[in-house]
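Each chain gets a letter, A, B and C, in the order it is written, and its residues are counted from 1.
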Amino acid sequence: MFAEYSFEEIKSILIMQSFGGLSLLCIYVLMGLGLYVVFGQMGVINMAHAEFLVIGSYTMCLASKFVVDHMPTFINHYLWIAIPLSFGVAFLVGWIVEWLLISRLYKRPLDTLLATWGLSLIMQQCFRTFIGAREMSATLPDWLMGSWAPTDTIDIPINGLVILATTIILTTGLVIFTRKTRWGLRMRSTSQNRDMSQALGINTKVTDRFTFALACGISGIGGAFLTTVASTSPTAGTAYIVDAFLVLVLGGLGSLFGLVISAGFLALLSSILEFFMTGSMAKVWLYLIIFIVLAKFTKGLFSSKVRT
Amino acid sequence: MTTNSLKQPGGGLLDRLFSGRSSILSYTVLAIILFLVLPNLLSAFRLNMAGKYLCYAFACIGLVLCWGHAGILSLGQGLFFGIGGYSMAMFLKLEASDPESTSIQSTPGIPDFMDWNQVTELPWFWYPYKSFPLTVALILTLPVIISCILCFFYFKGRVTGVVFAIITQSMVACSWYFIVGNQGYFGGINGITDLKTLNGWDIRTESAQKILYFVTCICLFGCLFLSKWVLSTRLGRVLAAQRDKEERVRFSGYNLTSFRVFIFAFAALLASIGGALFTLQVGFMSPNLIGVVPSIDLIIYTAVGGRLCTVGAVYGALLINTAKTMFSEAYPTVWVFIYGALFILIVLALPKGLAGVWTDHVRLWIRSLLKLDSPAKPKKIKSQTT
Amino acid sequence: MATTNTDYLLAIEDLTVSFDGFKAVDAVNLYVDQGELRVIIGPNGAGKTTILDLICGKTKSTEGSIKFKNQELTNMREHQIVRAGVGRKFQTPSIYENLTVLENLEISYPWGRTVFGSLKFKRDEKVQARIDKVAEQIYLTDQLDMEAEFLSHGQKQWLEIGMLLVQEPELILLDEPVAGMSFKEREATAALLKEIVKERSVIIIEHDMEFVARIANRVTVLHMGKILADGTMEEIQSNEKVKEVYLGH
């Protein structure tokens, strides 16, 4: 299999493939973060989570279209407004969804799974009806489309680096937010003991709504960055949702560290497999390997032993 | 407190019919609808569609047992539906690919899609499908074997609820990719098409499709009775008990792993039978009939019919599919909104589905019209937590 | 790990369990005789429930051995331990609320506990007789056809004890069986326990000292995962260390 490549080439391929995996890792982590926060706090499995990713992508696409049409000189800098806007739109929609639907479904994970699947169908149809069924992509500033070549045979796209940086910033930001701020304390106390927090005067309803919206917002940012590597369509999210949930399960459902590690494991494995076989068969092997790993570690790779 | 209506004087037969203890009424009504009303009311084309919907009902009955009663939500029933469907399709395809009718191929006697994909020899796993008895045996055993292998380690490791649901969803996604990725062996995304005869009997004629409809109905009743029997045994009570009080059942000395494996495999078997009958009536099988989305569709049919009611699941499959066909022909956009809203509505307002409407409202209303004493007040379905 | 065989029904030796470094049970030794009624007392968080969890296999131990009739329990699964003859009652009544009292007792009947056994299971005369006998013992003969959710709290506790009795275990583990019971129900429970212990051994966790004094042959005091004292009720009541722990000095 390796015979026709020289050692240098194999090294370059490995680096570039694992970098390709790194972009995938970032998308998994950005999606997984939201799922993790929502499941951890509210016991809600959000099958519509991927649609918030798509909301972010569409916001980005529409913003770029607006800029191209009305103020083309601004094209190199609109990102700095479009990304917060993606967050804002996804946050807002998340807030409304939590208020109308999710707040009625706490601690009924199997039921939320069905209800949010319905929600995702509705959201997909909304995209189709109001934005259009055709694929869409954002016009990106030139500096983002270049690549960085540290050696002759290695070529790393800048947009990948940007996604990586964003993921790291968002993940550490979330950790700092939940550990150090007053809001974070409320979130953690609500997720650990809802009744007690209520008794202590924490408005758990608002906390939940904020948490859910925040999770959606993070996903929205993920979507905005996704436009730099792929085009957007109403059903673009469905390609990631199954994998994102697997990442969550493999990570043990309860630890951020586990989430990142399992995202890395999945992404790396899938980009290595994809190099050697067709896309579909790579997926088959990826799933099979995960099934086997999960059969051995049924509680996920990272879970702590606690008294129940 | 419960009032034992059997001890009350008066009522008699009517009282028993509307008491909820006897299921004679529901089976009779369903039998009348399936065997008399639909065949006389519908055109041959529509009857064939009804037969197709009834095939989904097999998988839904399995879900009633597995999800409704035992609390194990499987988002992967499409996988087992597909095992049955593909097994039947492979048998029919081999029959349709005899050397004479495939003489223009570079390798005559193998299915056309294999020829297109430069496969020159029939793969070994296609050989059993040359024989009809072996095919039937595989339709009945393969889903059981595969489901047991797939779930044993997870149930042994106490994986339940959401995590198991997600894993089953990945399983069905995995099988979808497997079929799509093996174009030469399983026909890829196009599926296995151009199925013509079953042991020389042309399955595409109107009369054949009518017979197949009745065969489906008879099998369906067989499965309904079998499920009813399973639920009526001690095993049924243990399954319901472990759904709400897992620890207690374990400390009554039951090995829950084997019980869960059993019911999961049983549901898989039902789905596989449905899949095989589906192929016979539709004349083809493709991965898009068994993927992630169709598998979740099966759940919503079950939920609409009533997740605790096997007969309800049949109505659920019939009604939703009829509505889907009617609406999506006329207003495809509106249908998706309605369909999405249905998921939400069922979960929020009708967790017991149509069966719940019947037992909690309609039946009570009929009883009051007939001046029968009212039975125990309806109980709320327990919200499921992991 | 201790491997010596003993005459005791239950012999716990050097039992330790730690949750992320915190030792909930720390090198505990405990021996229970045939026909003994042992009460474990101790302040909250002393590790009482954890010990019961360890015996019945709900929690896996980190170190040590639990021998029941000289059979090692620490590496057995829950249902195997139950089948070996250990019954467990939980702190909050854990019964099947949607089933009748009769069905609750029937589901605990120790035959037909495999998949195919349960498919073939029939409620024959032998089963009925056993259920009737237990129902009488737990004062629920008149409620046999009632759905369990309509029972009073005390009756639910009895029902769960009844479910254990149907299993015919040789050792019963009870976690606060009289919590939330009225005075009369307590009296009845004490009588029930005295009846039960004639044929088997019982380990009870209890907070109510007055109740403990009425039923116990022997009392073990647990504190911070370790055994603080062990003896008759009088000995325990006069023990200085125990007083200190309970008065909180």
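Going forward, a residue touches a chain if its C-beta (ideal position, glycine included) is under 8 Å from a C-beta of that chain, and two chains touch if they have at least 3 such contacts.
All of these numbers come straight from a predicted model, not from anything done at the bench.
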Quiz prompt | Chain ID, smallest distance between chain and overall C-alpha centroids | solution = B
Exercise. Going by C-alpha centroids, which chain is farthest from chain B? Tell me that one.
Key: C
Quiz item: Two chains share more C-beta contact pairs than any other pair here; which two are they?
Solution: A-B
Self-check item: chain B and chain C, separation of their C-alpha mean positions in angstrom
Solution: 43
Quiz item: In whole angstrom, what separates the CA-based centres of chain A and chain B?
Solution: 33
Quiz item: Rounded to the nearest whole Å, what is the centre-to-centre distance of chain A and chain C, using the mean of the C-alpha atoms as each centre?
Solution: 48
Self-check item: chain B residues counted as touching two or more neighbouring chains
Solution: none
Quiz item: Tell me, which parts of chain B touch chain A in their complex?
Solution: 73, 75, 150, 153-154, 156-159, 161-163, 165-167, 169-171, 173-174, 177-178, 180-182, 292, 296, 299-300, 303, 333, 336-337, 339-344, 346-348, 351, 383-386
Self-check item: Contacting residues of chain B [partner chain C, same complex]
Solution: 1-2, 4, 230, 233-235, 237-238, 240-241, 244-245, 247-256, 258-259, 262, 379
Practice problem: Please give the residue numbers of chain A that touch chain B in the complex, ascending. | Solution: 39, 43, 45, 101, 104-105, 107-115, 117-122, 124-125, 128-129, 238, 242, 245-246, 248-249, 253, 278-281, 283-284, 287-288, 290-291, 294-296, 298-299
Quiz item: chain B touches which residues of chain C in the complex?
Solution: 56, 58, 77-79, 82-83, 87-88, 90, 94-99, 103, 106-108, 110, 112-115, 118-121, 145-147, 150, 163, 167
